[in-house]
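The following block contains the structure, expressed as structure tokens.
In this document, chain identifiers A, B and C correspond to the written order of the chains, with residue numbering beginning at 1 in each.
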């Protein structure tokens, strides 16, 4: 290719067809949760596509935490997120959660997420002990339901999550210093003023 | 970054006839109240189709938009510019990632969207079909094309679809760096040597027409989109967006002593609206349909990137995970 | 002593700048969107680290960082040849990233104990960035090094291609003894020994076969300004705009 872009000129010729893309080209989906500050709850930020949990973690780190503050990150396979019905207006999703018939047992722990306003993000509400996701939802209703309307609840089995380890906390050590990614590092005001004064003369 | 000028499909008045009237009324009332629509909610087929189309075009514009500026990554002058441009172009790729995810919640997979991009089935913003001859062209994009994109994105962030709004909130926050960085670059060119000033003036001359095209055809000739406005899919007309951009940025360009290549450009003090030479909409159509100076190269680069990455993606295939639609 | 220290700082700064520059060429053209973003971040980290090192040099009386990075010719650069080689396909870029960043992480780890305080502080500060770089590299190598016959043979081929150049990372400096005696740096041989252990341990978890280093001839010369034909064109491209008017502010 003859391009103005030197990088493009270095690209190899590719003659094999790329379409149609193989159906398996699409990887699995992983939900990404970020803690913006120490002491603040984790919140849902989006998804990455990856072939497994570990690579999802590695890829989510730069996709979601290279800008703004972050102290911790975790990812989970979307299929491991159990969701309640989505409600609206003054209808609380907790009112639609049925008590599962089987007796509650406390086999594992689940992370509970709340959607407090449609259009916003799901935010971590707390952790419950339960045997099944259904029981976790019922537990969450007991522990976290207040007068405030919640439109959607997610329950995620804690063991299914790839957390940030204690040593990995240092991954974000220099994040606050990366000013070159921040609007505040590009103050042109003085230069502009000096230029305008010169123009007037 | 992204312009309006989306190509919405022609809407037939009867396309809502087969929808359940009770559900439709409930849906419209929810939007009217200012509540967001979430992926698991009922929605008319037309709403779903048009949103996929719009968000997908937006995502494609980001990934293709990484190319004209990416041209200058290896040549940016000095550490400050080098690091900023790397981060800025990276953000564009990141925006594509966020937007594809938002579109996926409506039921179309990312790989299907990328397939439709490289086969030429879906469109992206026309503005990226023009070349960046010099560093100053790159600065023009960073400042003014991004500025135009922000006008659109801020409007769209008030739209009705939750996942798109969330993606746009994040994108707009990131774009504030792009805008400041771009303006900073242009201030330095303006206040620099005669040669630097001339570089930017020439870039401005080249980019003004594509910039005016960026917001899409004039309301006089563009397709009727009342229903999309009512559903808060489209948040302003093309002319409104263009006028807002001119209002915010023409004074800033003039302030730096540059000449905008349109002798008829002026703000009408009575209407408060900008007047300008009617952009050449035939040229706009010609470029959209593949006739621009870089259409071929842009798609070819994406195609090569796909082909070179194929072995990586094949090696990563795994039956331990499966594609599912993102939750939010 | 200043000569010895400057030599160390120059080669580290030049390595990071040139590899950061090379890796940035992938931006917008990577094999998957998320990886495109990750690889670009690491390229930014590298250029940022080079800037920090040039700044230390500037404080020792050398020119300002922009002048050093954008106006020297190839024979004035001290980077190893590995980092200047063209990107080729993703297998080569990844293998280089794995081989180089493992060494880089170990080098900075050792430097956290350096008697030259500013360097020790820098090494301490960027340890999180380096942790991510090696986490990324190891995860990818383990993944692709055990996946398909094609991915394994591509990585194996690139590994064999890169290894002689990777040994060039550890080309001894004329000041080794001096740096060690002053407690500034533990020396290239010690670094190479630790590096080999790490590289071997990752390769053992894959289908990749690490060639016997005794039969690999290192490609040296980079540290003394003797480069491949690839460096000067890279520098010409990097400084294309800067050189339009080196006195101008951009």
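Quick note on the criterion: contacts are C-beta pairs under 8 Å (C-beta built on N, C-alpha and C of every residue); 3 or more make two chains touch, one makes a residue touch a chain.
What you see is a predicted model, and the numbers here were worked out from it, not measured in a lab.
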Interface with more contacting C-beta pairs, comparing A-B to B-C: A-B
Furthest chain, CA centroid comparison against subunit C: B
Centroid distance [mean C-alpha coordinates] between subunit C and subunit A, Å: 32
Geometric centre distance via CA averages, subunit B-subunit A, whole Å: 24
Centroid spacing, where centroids are CA-atom means, of subunit B and subunit C in whole angstrom: 37
Residues of subunit C whose C-beta touches two or more other chains: 25, 29, 32-35, 37, 40-41, 44, 48, 143, 237
Set of subunit B residues in contact with two or more other chains: 67, 70, 73-75, 83, 87, 90, 94, 97, 110, 188, 301, 304, 308, 313-314, 316
Where subunit A touches two or more other chains, by residue: 6-7, 11, 27, 48-52, 55, 63, 66, 180
In the complex, subunit C residues that touch subunit A: 25, 29, 32-35, 37-38, 40-41, 44, 48, 86, 125-129, 131-132, 135-136, 139-140, 143, 237
Sites on subunit A touched by subunit B in the complex: 1, 3-8, 11-12, 14, 16, 18-22, 24-29, 31, 44-52, 55, 63, 66-68, 77-79, 81, 83, 85-86, 88-89, 118-122, 152, 154, 180-188, 191-192, 194-196, 198-199
Subunit B contact footprint on subunit C (complex, rising order): 21, 24-25, 27-37, 40-41, 43-44, 47-48, 51, 65-66, 69-70, 89-90, 143-144, 147-148, 150-151, 154, 237-242, 244-245, 248-250
Complex contact set, residues of subunit B against subunit A: 30, 35-36, 38, 40-41, 67, 70-71, 73-75, 80, 83-84, 87, 90-91, 94, 97-98, 101, 104, 109-112, 114-115, 118-119, 131-133, 162, 165-167, 170, 173-174, 176-177, 179-181, 183-184, 187-188, 190-191, 255-257, 297, 300-301, 303-304, 306-308, 310, 313-314, 316-318, 320-328
Residues of subunit B touching subunit C in the complex: 63, 66-67, 70, 72-79, 81-83, 86-87, 89-90, 92-94, 96-97, 100, 110, 135, 185, 188-189, 192-193, 195-196, 301, 304-305, 308-309, 311-316
